[in-house]
Amino acid sequence: MKALKSEKLNVEEELCKGCGICVTFCPKNVLKIEDGKVAIVDIDSCIQCGLCELRCPDYAIYLGGK
Amino acid sequence: MGNNLIEKYYRTERLPHIWCPGCGNGIVLRAIVKAIDNLGLNKDDICVVSGIGCSSRATGYLDFNTVHTTHGRALAFATGIKLANPNLHVIVITGDGDCAAIGGNHLIHAARRNIDITTVVFNNNIYGMTGGQYSPTTPTGDKGTTAPYGNIDPNFDLCELAKSAGATYVSRSTVYGANMITKQVEEGIKNKGFSFIEALTICPTYYGRKNKKGDAPEMINQLKEMTINVDAYYKLPQEKREGRIVIGELYRVQREEYIEKYNRLINSF
Amino acid sequence: MTENNKRLMQGNEACVEGAIAAGMRFFAGYPITPSTEIAEISAAKLPRIGGKFIQMEDEIASISAIIGASLTGVKAMTATSGPGFSLKQEGIGYAIMAEVPCVIVNVQRGGPSTGLPTSPAQGDIMQARWGTHGEHSIIALYPSTVKEIFDTTIRAFNLSEKYRTPVILLMDEVIAHMREAVDLPDISEIKIYNRKKPSVGPEEYKPYKVLKGNIVPEMANIGEGYRYHVTGLIHDESGAPTNDNRIAEELVLRLVNKIENNLDDIVYYEKYELDDAEEAIVAFGATARSAKSAIDTLRAKGRRIGMFRPITIWPSPKKQLTELAKKVKRIMVVEMNMGQYLLEVERIAGKYTEVLGYGRVNGELVTPKEIVRFVEEG
């Protein structure tokens, strides 16, 4: 499965409002809310499903990019 | 910011947006932008028009031609824009109060004309901007600040309304399945006529709190549980259909578009 | 001018002819007496010249649609009467704030409410000025003959384009429905003003910034590569909504001052027999026609009386009214209401001369005879 890991998971902290949607829907418990913001706590488990990005209302977490 | 989609289509200098933590509007808006990206449309050819309310603030964040109008009138402004410049892809962003209450008449008549406008209703079942009053889509019995003892009004089925009024593409989706919103907006833009997409979204701050629906993730999960895809729905026996909200493509029909008719008139002279 | 250009024309028809001459290619309206002919004639004429007519579902939808059309660069107009004009106020406020050129015709009728649908009245003077909420200025023009409706409609479009503001054309039912011979000017003789388009590229363009030497921001048409935001909220130069108190004040004052600081350009009026006048009547629209006749009668009796007729009813012709007030012993304001414009004349002229008012609200015209009696006895 390593070949899939081409896109990096990014967080834009200043956009995060800490709603916890991404944390709930992450199937691999990669994320956590710390001090009111999302934090990546287990990047090795990330399967790049993109659910966090899809459901983040604040554009604070996304895969890939520049 | 390195998020390509957001970078390309948003006025990123205006982010973060004004919506509350957990508000579903940002999810719907991203889904719309994704549809535009998937269709490969030129940003200059897109005009997004909105009314007043939480969802209508969306236009301010988008890097298209954007018009934030008066309460309920987005479709009336959009009709003028589309009729005056038919080359534009006109997309209307509106809310349940904006579109079904104060703007209800404009919705009916835009649908009746079958003018080529794609309307996306962000339905969060409440007036959020003013602090949580019940709207035409607040479920009967639910509470709002103006329905402290529970709403006695029957709530509107907006898709049925749009279909009856003459819309030629009608669909419903939720922020749980944001990819479905994207697909439907693509279909709506491709449809030459009036397209109506109801995106069920969440307002944890007012509707959720007032009705003890839990936090944003819980409310998104409730949307999943309350809804059923149109194909599965019709396979259910009648008695099991009660209370389920149908999502998916609900209606599609061919009918001549308004401006095409008008142009035929112009060309007849 | 050729003989061919002379036509017998109704006031409402002259309004449409003027609008088309000014470049109107979009009309949205809703049927209402006594303005309906403007919609009917627009519906017949516009598609023949590639323009668009649409009958919207209501008055608010109509003004919303013309604002939308104007944003794409098409000159647009709507027409209504008193009850509909009340509904238009929402859109008028938006067009002021977003600086969208458009023309709103109000063929007045008796009110309040449904009132006297087919009778003349001049009861919307103050509604034209203050009908929409919030601090603002407004341009409202008031023609007095069918020919002048033609000319004034063109002026309304020109001012609207030049100052990026809605312009109200106030008309009287009797002139709207009256037929008079009109000498239509050659199209080449008509002076047309079109909104100033951006002098900079999209990258540099700030939709609400007034560049040096301009009165208003340059206006890009939707769909021509300048993607910007239009809103009825207080906004900064980029069009972005803001709650900044300093920006709010700057914007509101700019919107007011772009009109109030250009009165010499905006104010049109007629002076009738004023050179040697010792007393003056102020009247407009149909009432001014009766006043003229009354003045002729009174002059024949040896009275030195004249008339000042504002064609631009808002903003007020302050300078002209002040000059007049300093010259005459008294000013009599005659109007088909109970003293709306009188208030404005008193405000401007009251400290220099005596100001009297004569009005009526029964749906009948003020007759020359009445005016003569008022002048002689009042």
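By letter and in written order, the chains are A, B and C; residue numbering begins at 1 in each of them.
Methods note: a residue touches a chain if its C-beta (ideal position, glycine included) is under 8 Å from a C-beta of that chain, and two chains touch if they have at least 3 such contacts.
Please read these numbers as outputs of a predicted model, since none were measured by experiment.
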Between B-C and A-B, the pair joined by more C-beta contacts: B-C
Label of the chain whose CA centroid is most distant from the centroid of chain A: C
Computed distance of Cα centres, chain C from chain A, in Å: 58
Chain A-chain B separation of Cα centroids, rounded to whole Å: 27
Centre-of-Cα separation between chain C and chain B, whole angstrom: 38
Residues of chain A touching chain B in the complex: 10, 12, 14-15, 17-21, 23-25, 54-59, 62, 64-66
Footprint of chain B on chain C - complex, ascending: 25-26, 28, 47-48, 50, 52, 54, 56-58, 60-62, 64-74, 76, 90-91, 94, 221-225, 227-233, 240-241
Partner chain A, residues of chain B touching it in the complex: 1-7, 10, 15-17, 19-27, 30, 175-176, 178-179, 204, 215-217, 220
Footprint of chain C on chain B - complex, ascending: 11, 14, 43-45, 47, 49, 59-60, 63-70, 73, 76-85, 87-88, 105-106, 108-109, 262, 265-266, 269
